[in-house]
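Shown next, in structure tokens, is the structure this report addresses.
A, B, C and D label the chains in the order they appear, each numbered from 1.
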């Protein structure tokens, strides 16, 4: 069909100016003249998180999506430069509180790598267990958000119900439901007793039974498959080009998992696998994470089974190997990293977390802390995958990426 | 590596999935796996290690400032009474309990209180006076509830008896330490340690120094009265020359 | 004075000539009928056309139904979702008056008319929308009670139902918001997708019964209910009903996560309360028609104590049971995309409805 | 009309209205920060806020309660205000989470706003994040407030008698030690057993005109190049199989009057290169911070560059967004991550 441009002066609505849109007025004018439609999704919108998406649609087809992030930018990198190394532990886990252990672990590993701190075996197992529990929790959270974006309220409730078990496990181990701040340089803050470990072991099995219900009602639901299949496809080449990370990269067929390629903690001592799919569409992005949940639960069980006895805090840090209580301040406040740049990769639930700390060798505050979160890395791929899809798919793709703006904005 | 198959969507499979989803819903409608904690009427039981509102024991406090200085949110600020005691601003507190773990004497302790709604931010700025006792909370609940989990089931167990919100203070396993001067010759005589010491346990005296009977001058002698020292370490951190240390003292 | 009495008397004659005969409350009615002035009121209430339209299955029970269905839907969804649902508002009755509390809150809340809206239409349309929703009640017979009897009642009901989406599209236009605009367009698309199969399914049933008269339809189902006579039409009708009332998985025009309640995005206060119950009322009307066409209408076990009330009561109970079963889909399904729903409407449902039409014709010949 | 409103508010209908409002507090879906996770828990099946009549709902127009979930940034503050203004009366605000009260962990952040400065707040809930019980307690207290008309804190704090004392002349100093003249080195060599790395270093030396190539750790290589050479080096790396940018970093070194601009390259397509991170960095003068952008060559670097421009004011020539703020609100102070932008310091004594 041939298109005719209308040569009528079009005035973009005034409300766009007052709403403070970061795109130039010329762009808005161009959209209006070419008979497209500009939709602002978010930040106060039932189908968006803490960000705004400026969507240009032609009919029902998305032409371009411009992100407007930063609604949850809490200046973590600047604040980290002004606090003691040890005080940054709660700070670095705030980007994604449901994935706190992974964020915490990545930061601690930078310090340990710089100071060559040897971590006791038992502490490594506890850390791995916590990291995997948080991974399960985050995947469940994202599944719930995906469900509510597709209008499936039961699909929202079930994962959050199951997440209560994760929270309960974290409370029993660390004392907090989300922000555990439990991993410290040289180990963990407290030993975990055997009854708690047994509880967590049983919990993973009970959780698998509940996940079956979730599978029947949501994962295998035909309407869900219809909404997500062949939607927002990122091919392998595109995924690499846009630097997508984590399960979303694996859904596009790249076998990249930091836990495999650069194993840390005890991942190389356990048997597990990374799920990979070649489809690269929304449904398989979701399915990869569903399979990861099963793998993670198995890792948690292996951790509990193989956990050795012994100290949980390194001798280099504190004398008491069971509990840091009482000596937390004295052993940790004056950490000074040798000069240089230290970078670690950690596989968070949503992908690779990069911590890069630059120390000047004299201060007990870092000179520069660079945190690159998975959300920020795959934002570009997320935007690209929406081009050419329908407007209703925006939420489906959003959910399939599990995009969590606080994590991306930091 | 597990390579996932592309999902099939033939009509038979689709119908089967419809039936499964429908069946699950009907099963739940008939016999629900309910897990709701009906909060205002019942209270979830939390373990002893739960990080809740902090209870302060004035008797144990040695005014060492560790809690104030470790707080990542700067929520703890010391207030001078007969000694410097911590006051907590709950409008900033993030319940990380770094302070509880930092306290060398166990003066700060956790509790299971966590559900308080404040009407104003000024009320949240609590001084040591207010955190010495467990807050009295408006309570409506009549029972406690706990998650019971075994390998197959997950359900709620409701009990009529209420658990205590207080947590018994755990003893702190730290060897007692006292300040000592490691390198008395380098003392500048600035008296920062004397002024900062809450117990007045440090004395600095001017004295004459002779080295190898040739060079003479004035120096300072720093003396810590160990019977007064609580081991707070303020002087250690204050000393510009870093000549003070905390040393373990035997039982 | 005498004139007024004459007029009153005239009306009383009309009312009392065609009154509901309910043996259960007959003594009370007889007693009340002896009191002057009050008797005309009682006669009016029990006057069959009035009773059908205003009491049962009309507006009176419609209000009850609304309170019930909103609560029931939330409770059932909550039950499936491992939780409790509305409760604390009235614990002894399991929170059954939650919808009332929400309604009161909406009623007293500020109703904002925003600057961009077309003010008169914006305010009027939610009220105007009730005309096509409530008019079918006039023609829905319930046993011997019927507002206006016509041999074309089924056709008339379908006509009025078809008018409802127009008001919703108009609401979206009057709201003059981006999402309202998209929602209106979606509503218009969906309208065509479900309305054609829906009308064909109804026509197939009219073929089957050989008449558009509800009485004949119910009479013909006295042995075999319509659902067995034409199961294809039954399926098409149910899916069309889900589409027409914007229920999941076809909650497309009002998809809150995508376009923020579409046409109703700007409504607040009592106006929003009005537009939100529109879909429930539409569901009620469509289910009444559904019961008449497929489930034998008001026929049921006759209870002599209730007399004439039997018909309306059975019709109401059947409808509410049908709706109660239908709302389960809300907790099972995600939302389809617009193009998928349109494809379902224009391909499989249209094909099925034509099959239903053929079956309807064939069975109709066999029945007659 | 006013009499009518008074009649509705205080007349015989008043109690009915209060009752309805009390049991129908619908929070709007305004997710502001990470406390939203606990909010979701409070309304999911574990706690089920719908029990006490609170139903999470979509749009401001149809709801009557804002739950501010933690941090409000400069960008979000505007949205919070708009949402509040869109909401029909009567409306209530509950703030949950330390970030929303006094800033919590981010109390001296440059991008934070206190919600109580933006909208009137009825109840504050401490915690980071608060437990779902605490949030439900807030809603419960609000319900009581609607009926009784006065807000009440849900706990009282018993006092013990303490005599106020005198502040000493010398207050304990901050535990922070900050170097006055920091030596910032990005390529400190480190001895590691890594044969493949040494081969890689040889290859890099041969291909790239580097000032220095250093192994800074296992799987980490730092390559120092000239500022204008970065695109060429990137092109060479791309030919070697490094196909994406993992990180773009800028370090501000005011005492040497330079920025260090770093690009971290890694690979997804070549198996051996997957764990390797090559850090190409260059010194950029502080008074003329210009670097050629890699956004065209590596789309994965695009947003990272935009962010660095926001933080440091380094201009990435060729990036389509350069010159406009991407992550930060337009009213944020300029280039907040530069070292000369100071934050408020901690206070340890009241």
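The rule is simple: a residue touches a chain if its C-beta (ideal position, glycine included) is under 8 Å from a C-beta of that chain, and two chains touch if they have at least 3 such contacts.
The structure presented is a predicted model; accordingly, all values stated were derived computationally and were not measured.
**Q** By label order, what chains touch chain A and chain C together?
**A** Joint contacts, listed by label: B, D.
**Q** What pair of chains has the most C-beta pairs in contact?
**A** By contact count, the leading interface is A-D.
**Q** Using the average of all C-alpha atoms in each chain as its centre, how far is it in Å between chain A and chain B?
**A** 27
**Q** Provide the C-alpha centroid distance between chain A and chain D, rounded to the nearest whole angstrom.
**A** A distance of 14 Å separates the two centres.
**Q** Please tell me the distance, in whole Å, between the geometric centres of chain C and chain D computed from their C-alpha atoms.
**A** The separation of the two C-alpha centroids amounts to 50 Å.
**Q** From the C-alpha centre of chain B to that of chain C, how far is it in Å?
**A** 60
**Q** If a residue has to touch 2 or more other chains to count, which residues of chain A qualify?
**A** Expected reply: 45-46, 83-84, 90-91, 154, 157-158, 161, 164, 179, 217, 221, 226, 333.
**Q** For chain B, write out the residues touching at least two other chains, lowest number first.
**A** 21, 25, 28, 33-36, 38, 40, 69, 72-73, 94-96
**Q** Please set out, as single numbers or ranges, the residues of chain D touching at least two other chains.
**A** Answer for chain D, listing residues that touch two or more other chains: 44-46, 48, 51-52, 58-59, 105, 108, 128, 131, 175.
**Q** Going by the touch rule set out above, what shape does the chain contact graph take here: line, ring, star, complete or other?
**A** Complete.
**Q** Considering only the defined contacts, which chain B positions touch chain D in the complex?
**A** Listed in rising order, the residues are 34-40, 43-44, 58, 65, 68-69, 72-75, 77-85, 87, 89-96, 113-121, 123-124, 126-133, 135-138, 140, 192, 195-196, 234, 237-238.
**Q** Can you list the residues on chain D that touch chain A in the complex?
**A** 28-34, 36-38, 40-41, 44-46, 58-60, 71, 73, 75-76, 78-79, 82-83, 99, 105-106, 108-112, 128-129, 131, 175-179, 182-188, 190, 216-217, 219-220, 222, 243-247, 249, 251-252, 264, 268-269, 274-275, 277, 279, 298-304, 307, 311, 324-330, 336-337, 341, 343
**Q** Which residues, counting only chain B, touch chain A once they are in their complex?
**A** Interface residues on the chain B side: 1-4, 6-7, 9, 14, 17-18, 20-21, 23-25, 28, 33, 35, 46-47, 49-51, 66, 69-73, 94-98, 100-106, 110, 147, 149-154, 170, 172-175, 233, 246.
**Q** Could you list, by residue number, the parts of chain A that touch chain D in their complex?
**A** 20, 22, 24, 43-46, 49-50, 69-79, 81-84, 90-91, 94-98, 113, 141, 144, 156-158, 160-161, 163-164, 167, 177-179, 239-243, 249, 254, 256, 258, 261-262, 333-334, 336, 338-343, 345, 352, 354, 356, 358, 360-365, 367-368, 370, 372, 376-377, 379-380, 384, 406, 409
**Q** Tell me, which parts of chain C touch chain D in their complex?
**A** 74, 78, 81-89, 95, 98, 100-105, 107-112, 256-257, 260-261, 265-269, 272
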